[in-house]
Structure formats: C-alpha cells, structure tokens
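In the two assemblies presented below, chain A is common to both, partnered first by chain B and then by chain C.
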Partner chain A sequence: MSEQALAPVSSGNSPKFSGGPTTSGASKTRSSKWIANQRKLAPWLFLAPGVVMFLVYVIAPIGQSLWISLYEWDGIGVKTFISIANYIELIDDEAFYTALYNNVLWLVLYMLAVPAGLLIAIFLNQTVTGIRIYKSLFFFPFVISQIVVGLIFSWFYAPNFGLFTKLLEFMGMEGIAILADERFVTYGIIVAGLWPQIAYCMILYLTGLNNVSPDQIEAARLDGAKGWKMLWYVIIPQLRPATFIAVVVTIIGALRSFDLVSIMTSGGPYGSSRVLSYYMYEQALSEYGFRMGYGAAIAVVLFAIMMVFITLFIVRMLKDEREGY
Partner chain B sequence: MFNFSKVAAGSFAAAFMISSSAYAAGDLIINLDQTDPAPKKAFEDIVAGFSKENPDVNVIVNTMHKEGYKTSIRNFLTADAPDLATWYAGNRMAPFVNAGLFEDVSDVWEENGLNEQLKSAAASMTIDGKKWGVPYTYYQWGIYYRKDIFEEKGIAVPTSWDELVAASAKLKAAGIDPFTIGTKALWPTGGWFDYMNLRVNGYEFHMDLTAGKVPYTDPRVKATFDKWAELVKPGYYNANHAALDWQEAVPALVQGKAAMYLMGNFAVDVFKNGGLKEEQIGFMQFPEITPGIPMAEDAPTDTIHIPANAKNKEDAKKFLAYMARADVQTATNVTLGQLPVNSGAERPEERILQQGFDMLSNAYALAQFYDRDAPAAMAKAGMEGFQEFMVKPERADAILDRLEKIRTRVYK
Partner chain C sequence: MFPTPVANASAPTRVAYKVALPISLVVWLLPLIGVMVTSIRPGSDLAMGNYFGVPSSFELGNYLTVFQNTPMGLFIMNSFKVTIPTVIGAVALSCLTGYALATYKFKTNLWLFFMFVAGNFVPFQILMVPVRDLTLKMGLYDTVTGLVLFHVAFQTGFCTLFMRNFIKALPSELIEAARVEGVSELRIFWFVVLPLMRPAIAALSVLIFTFIWNDFFWATVLVQGTHAMPVTGGIISLNGQWVAQWHLVSAGSVVAAMPPVIMFFLMQKHFIAGLTLGATKG
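Presenting the complex of A and B:
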C-alpha cells in the first residue's frame, strides 16, 4: 500500500479507489494517474456522449447551413460560390417579408396560449368528482398529432360543408373560406395551433398549481387578499417556473410552426400563409425548390431570430441559477 | 455409366451457361412512381411481357408513392441508382441531365427506329441534341363538360372564345358555375395559363416564354391575362377554389353545380368514380381565341430513363426498346386509359380517348405543361401568380412585374 502516498488523493475521495495490493507495477502507474485526475476527468467523460452529439447534430449543421448559404447549389449539381448574393436576394424578396410578417404574427398570437392555459388550469384546479377525467379531456388536443389537428381544422374551415361555414350561416352571415382568403388564412392556422398549445400550457400550470404553498395562500387570506389580487400577487409569482417553461415552449412552437402550414394550406393561397420555416422547406426541399443555398440563407435568418430568444433564456436561466432558484 | 457422365456433363454445361448468362444479365431494378391500380397493372404487364421474351433477366420493381418519389429520385440517382427510373419529359428532366445523372440513350432511339416512331415526343426528350429517355404514355388536356347540362340549357359546344364566354354567361345566369377548379396544389392553374397563352399568342411564343426568352411584362403576356380576366372577373370559376384540391373540385361537376372542367384525361376516371355516367361526360378542345393561330395542345408525357449510375445498362436498354414498341405501347395504354406515343400503336377504343387521340394527331405542336416546360423555380412562382390572378384579377400588373423579377433571376 506504499503507492497510496504517491496518489494525491483529494479530500473526500474514497480509499477503495486506490489500487489493491495485487495489482502489477505497470497498471499501478496507470491507475494512479487515473486516480490522480479522475475528479477532473469524470465530468468530461460523462459529458462526452452529449457533447459529441451536440457537436455533430447541432453545431456542425449550423456551420454547414452558414456555409451552404453562400453557394448556389441544386443539391446534385455543381456548387457555385456566390458570397452573400442569396442574402441580397432575400432583402428584395416579397415572399420573404410575407413569411417574416407571418412569423411575427405567430409569435405574438401564439403567446395567448399562456394566459389561456393558466385560466383553464385554475378552472380545473378543484376537487370535484371525476376531475381527473376532465383534466385529461382538456389535455387531449395536445396528444393528437399536429398533422391530425391540421386535418381536423381544414375540415372545420372547409367551404360549403365545413362546421365553421355552417356556424356562420346559422348566425345569418355568409360563409368565408378562411383558408382560401389571404386576409384570414394565417389567423385561421394560428387558431388551429393554439388549440393543442393551450392544452400544453394548461398541463404545465396544473403541475405548477400543485406546488403552490398552501401556507402562503392561508396567510394571504388572513391579510384579506382575494380574487385578482390573490392571483396576481400570490399565485402567479409562485408559478414563475411554470410560466417560464410555458413561454419557452410557446415561442419555440411558434417559430417551428411548420406542420400546420404544410398540411392546411401548403403556404397558400399564393404564398400568403407561409412562415419562414415553410419557405425554407419550399425553396430547398420541395418539388419546385432545390435551391439549397437560398433555403440555407432563410434558415440562417430563422436561426438568428431564434438566437435572440435563446440568448435571453440562457441569460435568464444563468441568473436564476446564481440566485438559487 | 458412360451415359450418365454424358448427361451429367451436359447438364453441367447447361447449368454453367445459365449461370454465366445470369451473371451477365443479372437483375434489372426498376424504380416506379406509379401506385394507382391502373398504372401498377400496366407495369406488371410490361414486366411480365419483357420477362417472357428475356427469361434470363430478373426484373425487380420498386414502387413508390408519386409525391415521395419526386424527392427520393434525387437521392437514389446519386446514391443507389436503379437500372431504370420513371420521370417526366421536358424541362423536368433537365436538372438530372445537366447533373450527368441520366444516361444518353440516343443509340436506343437510333437502333430501334424510334426517331420515326416516337417523333411526336422527340423534341421533349432531347437536350443538347441527345435523347435522354423513352416516352411510354401521354394524355390530352381539354375541357370536360356535362353533356346533359349543356343539352338542358340549350348550349352548343363552343368552338370560339366568344361562344365559350357566352356559354359561361348563360350557365352563370342559370345558377351554375361555368368552370370548376381546385387550385390549392397550384398546378391546375398552369393548365389554364398554358391554354390561354397558346390560344392568344401561339405555340412559339409560349415556348419562348417558358424558356425565359420573353419578359413577363411583354404586352402579349398582358393580353393573355386580359382575355383570361373575361372569365375571372365575372366569377365564372367556382368560389374558394384556392382551398380545394383538384379532386375536391370534382363533386361540383358531378352534382351539376358546375358544368366544365379544364383537366387532363386522368380526371375522367375520377368523374366516373364520383358517379357520372359515360354519356354525361363530354370532351371538347379548348376553343380558338386569336383567329388563325394554329392550335397547339398540352400533352404531358411520362417517361422512363436509365440512370447514369445504373449497373445493368445493357438490359435496361433492352427494356427501353421493349417499352417503346408499338404493340407494347398499345397494350400499356389500354390499361392506363391514356394515349400511346408510338405512331404505330393502335387507336384507342374509348370515345373520349379517341377524341383526344385525333386532337393530338392533328395538333400543330405539343406543349408538356407549364411546370414541365418552365424550370421549377419559375413554374412555382408562375403558378402562384396565376392562382393570385384567379382570385384577385385586378392585381395582374403587380403579378406580372413580380414574375418578371423572378424570370431575370431564374434564367441567368
């Protein structure tokens, strides 16, 4: 056990790691090096799979997108370097601005899912017989695939036979083909997207409400708080972690609003419901597309927008962690 | 014993011959984009017939869904090429030809006399003076109309633009949409633009336009739009067509809410499945607009090609020659319900097909279709513009300006 002296075992390290008496000389030095550094190495070893995945599947593609966006390339032919010509074209592309505007609309209106989810969560946060069934029913839209949601709403909006048209007619108005009208189409799709998103926010708040401390509510009651004041000053501050997650998933959901656009309108009529992610797909990968460089340039813009939010979240999270939330 | 060894030697030799020829011929892999029952059956028959004549070739068919195929072809041509792949004529095959992914098959055309037999489609299969595949079927486009409704309202089949507009006005007054269309997938608008432009300005101009030689701001293109507006502005198309697929526009015709449908011949099957009887369906050539301009037609051609990376090109060429043969094309197109390209093939028996066959035989020239004649990026933007025009005809100038901007970018 003389080598134990050689191994600068850091405090708190269990002695069982310091080699046994039967180990041979060569392996003794190896194991002692390992012992010397294992505190430093272990985290990296545990992180390694994640870091490798992150590098290969996240960082490298970002770099590739940036790289491809400087080229003109149809995916199979010759790549031609055109420097920032794709970005210059974007600046002069009406379709791009339509998509950008729709993305902003999505971001703003999708946020309604957060208060709506909170409202439903508070409504469902009571003890009545069978409340679990109601809760699961309210959560149901989120369980359905986005594609199915899109199909359901396409039928709902369908001119002539759709439920929405029938409703309007019942109220004495003329039916509107929401998905064929450039004025309403994006709103129509956002409503379809809100349906499952509200359910998602609701479930986040329901779990959050379980953790609201009853003592504080009790104390607030004694101080005479009720109704809105109770909600605003006592409940909502305690739901902060839930709100944070709800906002994050809603923003991400809004920015990747691809499936609903694709299934409900394919970006139409004449491109008026496109969002950036769908425009990128159209330019780079769809039947009439295969402009990889231009698609990549759109992707880079979308990434830049996301980066703003991601940075905000990360700063916020770091701050919270330092403050010990 | 002697006999036995002789037999053994013989069978050994035979076995060797079979195995060696099998080695030389090997498998012939075909990638197919036809999953509908009729085309699938047609190809099964072709493969069966080919295998009978070439028993040493083992044909393997991979069938893929049509829309998915359009994306996957780019992958399999580069990564894991089959020996044959179906695709489309005209500009739609240009990216693959230019990228060197399709094999030059001019020799197949030369050796089998296809330059004569497939003459009508030769131009659409030629790039840089070489042939890049073999056409096996095409179909006519035109106006399908409800014969019974026309008779009931006392409307004669229009033969001129004025008659068509007059017929539309009469139908509209009777509460029937003159035309039904579903433009959600955009391409049905291409058929309309093709015919309007072919009839207003003629084939040469249309080809120059789709080849990017003429600006979209040219007054002649504007003239096409102005004529088209005569149908759009009075609301002679069904409302909300931007929300419908082409199949979803069919019920209006079946229920008698609409009377005419400009479509390809593949729609007849859908009409019949929807409940229309044979005698209710009429077919007419798109009427003349500018008098004296020779009538050209849309006739999209489906083709089959040899990928440049194919392993068994020898048998693939045999297969191409087989598919181009007059008797094979006759049989194939009877099953497909479409028209054979080979001029030696027999005239179809079905009434509407016969009409189409005669129309195309007398056509001045054949266009493929807007999205096959124009390059992809232009086609997409163009058809989006046509759709916008069909909803907001007052924006014609803005649309044409936008298309012109895209044209200058696409055709550099």
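Presenting the complex of A and C:
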C-alpha cells in the first residue's frame, strides 16, 4: 500500500524543492533559522511517541516493582510498608531456592542449544537439491508457539502411550512418567525448550557460515587444516558475531522460561519444576494468593540476575559503537 | 565453503548424505509429526490403543469439532485483533525512533538507544504487577486494546534496535544531499529514508507478528475472559477441558500454530533476514 501511495507524491513534490532558492531574502533567513532549529528539534519529535510509550510501559514499571517489593499488598487494598521483610522471607523460602536452582539448570543446559545449533547448521550447509526445504523444516519448531511446543511434548512424554515411553520400551527399558517425576521433570521441560532454541541457533549459524571467508578456508586447506582443526581454528573464530547473538538469545530464553513450565506442569509435581518467573506469577496472580509485594521481590531477584547479562551485553555494544563498526 | 561440499566427496558419502537428510529430519520433527497424525485420528483409535499405527480413518472432523464445540474461532479472531495493530504500531513507532537515533547526533543519543536495548531484555515479571495495575486503572483490563498498548510499547524496544542499526547502514550521503537542498527533516524521513526501509519493515513485521501471536504470558496477565483471549491462552483452557482427548488437543494445537507458520513460509526470506540481523556483522 505504502509503495503506491508514496511514489506519485514524491515525484509530484520534487519540483518544489528546486523552487526553494527563488524565494525572497527575508524569508530565506527565517527559513534557515527554522532549519537550524528544526535539526535540533526534529529528533525529539521523532522520538517522543516511542520513548513515552517505552517509559510508561517498561522503564517506569521496573521502578514501581522495586518499590512494590517493599510493601505487603494484595493488589486491591491498602499497601503496607514492610521494608525488606519480603526479601528476608525469601531467604528462608525453600520453594524460592528450588526455583532458583531450576533457573540455573535452565541456564546451563539451555547453552547446549548453541553447539547443537552449530552442528546442525554444519550438517545442513550444503548445496544439494532441496536443501532449502530441509533448512526451513529444521527451523520449523522455532515458528510454533511455545504453548504448542509444550502441548506437543506433554503428548510426547505422556505415560503409557507417549512416544517417549514407547521408545524407552522399544529399547527394553521401563517407561517413565517424566512430567510426574520430581527427579526428571525439569530436564524434560528443558528438552522441550531446547527444541525451538536449537532451531534458532541453527539459523544464526547457517547465516554465519554463509559469510565465512572462502579465501581463509582455502588458505587453511593449503596449510593442511581439516575437519575439527579447521572448525576450531578457522571457522569458529569467524562465526563470533553469530555465536554472540546465539548466546545472548539463549540466556534470555532460559531466564524467560515461563510458557513451557506453565503448560506442561504448572510448576509441579509439588513445585519441583518451578522457575523464578513462574513462582513469581504464582505468588502474585494465581490461585495461591495475591501477594504482589512478595511476587515483586522475586521478580527483582530475577531482574538482578538478568541485569548482569544485560550489562555485559551493553558494554560489548558500547565497545562496538566506539570502534564505529 | 565449510564443510567441504558433498558434491566433491566420494560417491558413497554423497549417497549417505542424501539418506541421512530425510532420516534426520523425521527424527527432528518426530513430536510434531506425531501430533499432526493424531489430529486426524478418530477418537476411537486412541481408545483402542492405536496411537502410532495408520489412522483407521482420516478424521478431518476433529478440526470441525474444535471450531464447533469451542470458541476457537473467537480465540483466533482475538489473536488477529491483538497481533495486527501491534505490528503496525510497533513498526511505525520504531521507524521514527530508529531514524532519530541513527541520523541525529545529540548527547543522550546512545543512552536512549541503550535504554531501548536493555528494556527489551528485561524479564516480563518485573513489569507484570505495575503493568497490570496500570491497565486496570485505565479501564483496559480484559480488553484487546490493553494488550495491544503494552505489546506496542514493549516491542518498540526490539524494533528500535533493529531499525536504528538498519538505517545506520544506509549511505548517509543521501540524507546529507537532501539537507543541502534544504529539504525539511520530515520530508527527508518520509521521501528519502522511509522508501529505503521497506526490507526492514517487512522483516520486522513478520517477526513481530510471530512473537505476538505466540505470546502467552501477557495474554494470561492482562486478559481474563474468553471474549478477548488470544489463541495461546484459549488453547490452555481447552486443554483443561479436553483431558485425554488428544485428537482434539492436537487439532487445536495445529490450528493455533497455523498463522505464524503460513507467515513464515510466505515471507521466509524476510523472516530469516530479520532474525539473523547482526549474525554476520564484523
């Protein structure tokens, strides 16, 4: 639509630009003053709507959450200031530690998506006929909503008839109800989460591999580099931008894990698969109670963990900007 | 090219590769294939324990049941009502912010940019209580509008990052030349820069469409009833309703996943360009 709308207008207006210099001297100084001011003012006009929305919905709420975490509040009634009592309660809250531990588990195991994505990318980086379709089908899990991924894996893990149980039985083992077993439940959910995440990393690396310098590969080949050596010393260093993004999105994905826990187990059995994001939601909004202050305190902890990674990311971006990439 | 093209490899390797490709794909998509087959299976198959064999009949009726017996149509409608305005809003706002941050030099430029970037990575839970409260106070709780407003604001962060880097990579001579000609800033944006941003707009639109369509968290936080619930939230309630009726759950899942999947296959080039922006930089 914009294509058609723009073209005639722009050609219709271009004569006006060339007509500019013929205006009288007086109006010219006024207009040049306006142009000078305009250049100062313009960025703020362009920024205003986006910045206002972002301040209202993202930046201010962070501050508000920090503030709410110092109160006892059910979301409707009066807020009671209780200082750091919510945080002190966290220290003795076993459910909190379970969630924290699971978050660490998510972070560590989710990182497997990066090398796994690289391996699949290397496997698919060929020029056989039909390879493009293979690439898109391998990428498929990322396009599907996590809710659907969760449902798919709940079905996959279902005791008695699930595909996973059948596979175990086929290999002569006894079936396990993964999602009902405290020992395995978090691992089971993480595997479900890895599925789309590996696809994401794969696509990043496929693009990266596409841009690896052929000269360097040739040079390394002449020097006798092959296979793993080539990968490690020649290819991976060149894939650094892709690796960086893959690591960043994987960390964020791990800490944001909520949908899968929610759909697959609701944090169960007995809260053993909770992560901080889910525990926070439970405390603040679900049937377990409307403890907004306590929920906010959990969110602050999660935010603090994320802030470490955000800071590292910003520092690296700042370095790039200074070097003027 | 790495690894060495199989075309240059020995004949057995070539054959092995061509055999390995489809097998690995089937293994990779096994859970998905299972669900798709289940979605066309008659319920009686599941009752008789025929979970993995050939379906005894192709039961497209499962899909009909999903639409007839549940508000699935409404959920899908709501998802479109949330997703499309969000895409338009977030992309429009970020065209403006991205342009401002990419082409003007002012003191706070980099800090504003970092604000958008950092905000984009924040965990949702730190925003949850205040955003829900704000939406309640505005009388927009449990409405599509309330959800759209939040999504637009939040997605502006990611979109600004994207747009700013895209415009920054455009040749600055174009803008300089227009300024020398005395073209107003607004006209430069509209007639010079915006037409060049079409690929970025396309890429962002597909990405945001997928992100928002697949959002579940905010749908549960800001919406309660059926009337404004997007499909991700809706399917959860259906899942509770259809205990052990996996043929219906599967059909519902396939329906819910369809729009972003179609979008992906139609706009694949843009989708991947958007997702991998920066993966090759440097």
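Note that in this section the second predicted complex is superposed on the first by the 266 of 325 C-alpha atoms of A that agree within 3 Å, B and C clash if a C-alpha of one lies under 4 Å from a C-alpha of the other, contacts with A are read in each partner's own complex, and residues count from 1 in each chain.
To be clear about the criterion, a contact is a pair of C-beta atoms (placed from the backbone, for glycine too) under 8 Å apart; a residue touches a chain by one contact, two chains touch by 3 or more.
If you're wondering where the values come from, they're calculated on a predicted model, not measured in any experiment.
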| item | value |
| --- | --- |
| Which of chain B and chain C A:107 touches, first, second, both or neither | neither |
| Chain C versus chain B, contacts on chain A by residue | C |
| First (chain B), second (chain C), both or neither touched by A:285 | both |
| Which superposed partner A:259 touches (first chain B, second chain C, both, neither) | second |
| First, second, both or neither for A:271, with chain B first and chain C second | first |
| Touched partner set for A:209, first chain B, second chain C, both or neither | second |
| First (chain B), second (chain C), both or neither touched by A:177 | first |
| Partner chain in contact with A:75 - chain B first, chain C second, else both or neither | both |
| Which of chain B and chain C A:300 touches, first, second, both or neither | second |
| Chain B/chain C common contact set on chain A | 75, 158, 285 |
| Sites on chain C touched by chain A in the complex | 1-3, 5-7, 17-18, 21, 24-25, 28-32, 34-35, 38, 46, 49, 51-52, 93-94, 96-97, 99-101, 103-104, 106, 109-110, 112, 114-119, 121-134, 149-150, 152-154, 156-157, 160, 179, 181-187, 189-191, 194-195, 198, 210, 213-214, 216-217, 220-221, 232, 235-236, 239, 246, 249-250, 253, 256-257, 260-261, 264-265, 268, 272, 275-276, 278-282 |
| Chain B residues touching chain A - in the complex, by the definition given at the top | 67, 70-71, 74, 77-78, 95-96, 98-99, 101, 183-186, 239-244, 371, 376-377, 379-380, 384-385, 387-388, 391, 402, 405, 409 |
| Residue ranges of chain A in contact with chain B within the complex | 74-77, 89, 92, 94, 157-160, 177, 179-180, 182, 265-266, 268-271, 282, 285, 287-291 |
| Complex interface listing, chain A residues touching chain C | 2-3, 6, 9-10, 13, 17, 20-21, 31, 35, 38-40, 42-44, 46-47, 49-51, 53-54, 56-62, 64-65, 68, 75, 122-123, 125-128, 131, 134, 136-141, 143-148, 151-153, 155-156, 158, 161, 163, 166, 195, 200, 203-205, 207-212, 214, 217, 230-231, 234-235, 240-242, 245, 252, 255-256, 258-259, 262-263, 276-277, 280-281, 284-285, 292, 295-296, 298-300, 302-303, 306, 309-310, 313-314, 317-318, 320-321, 325 |
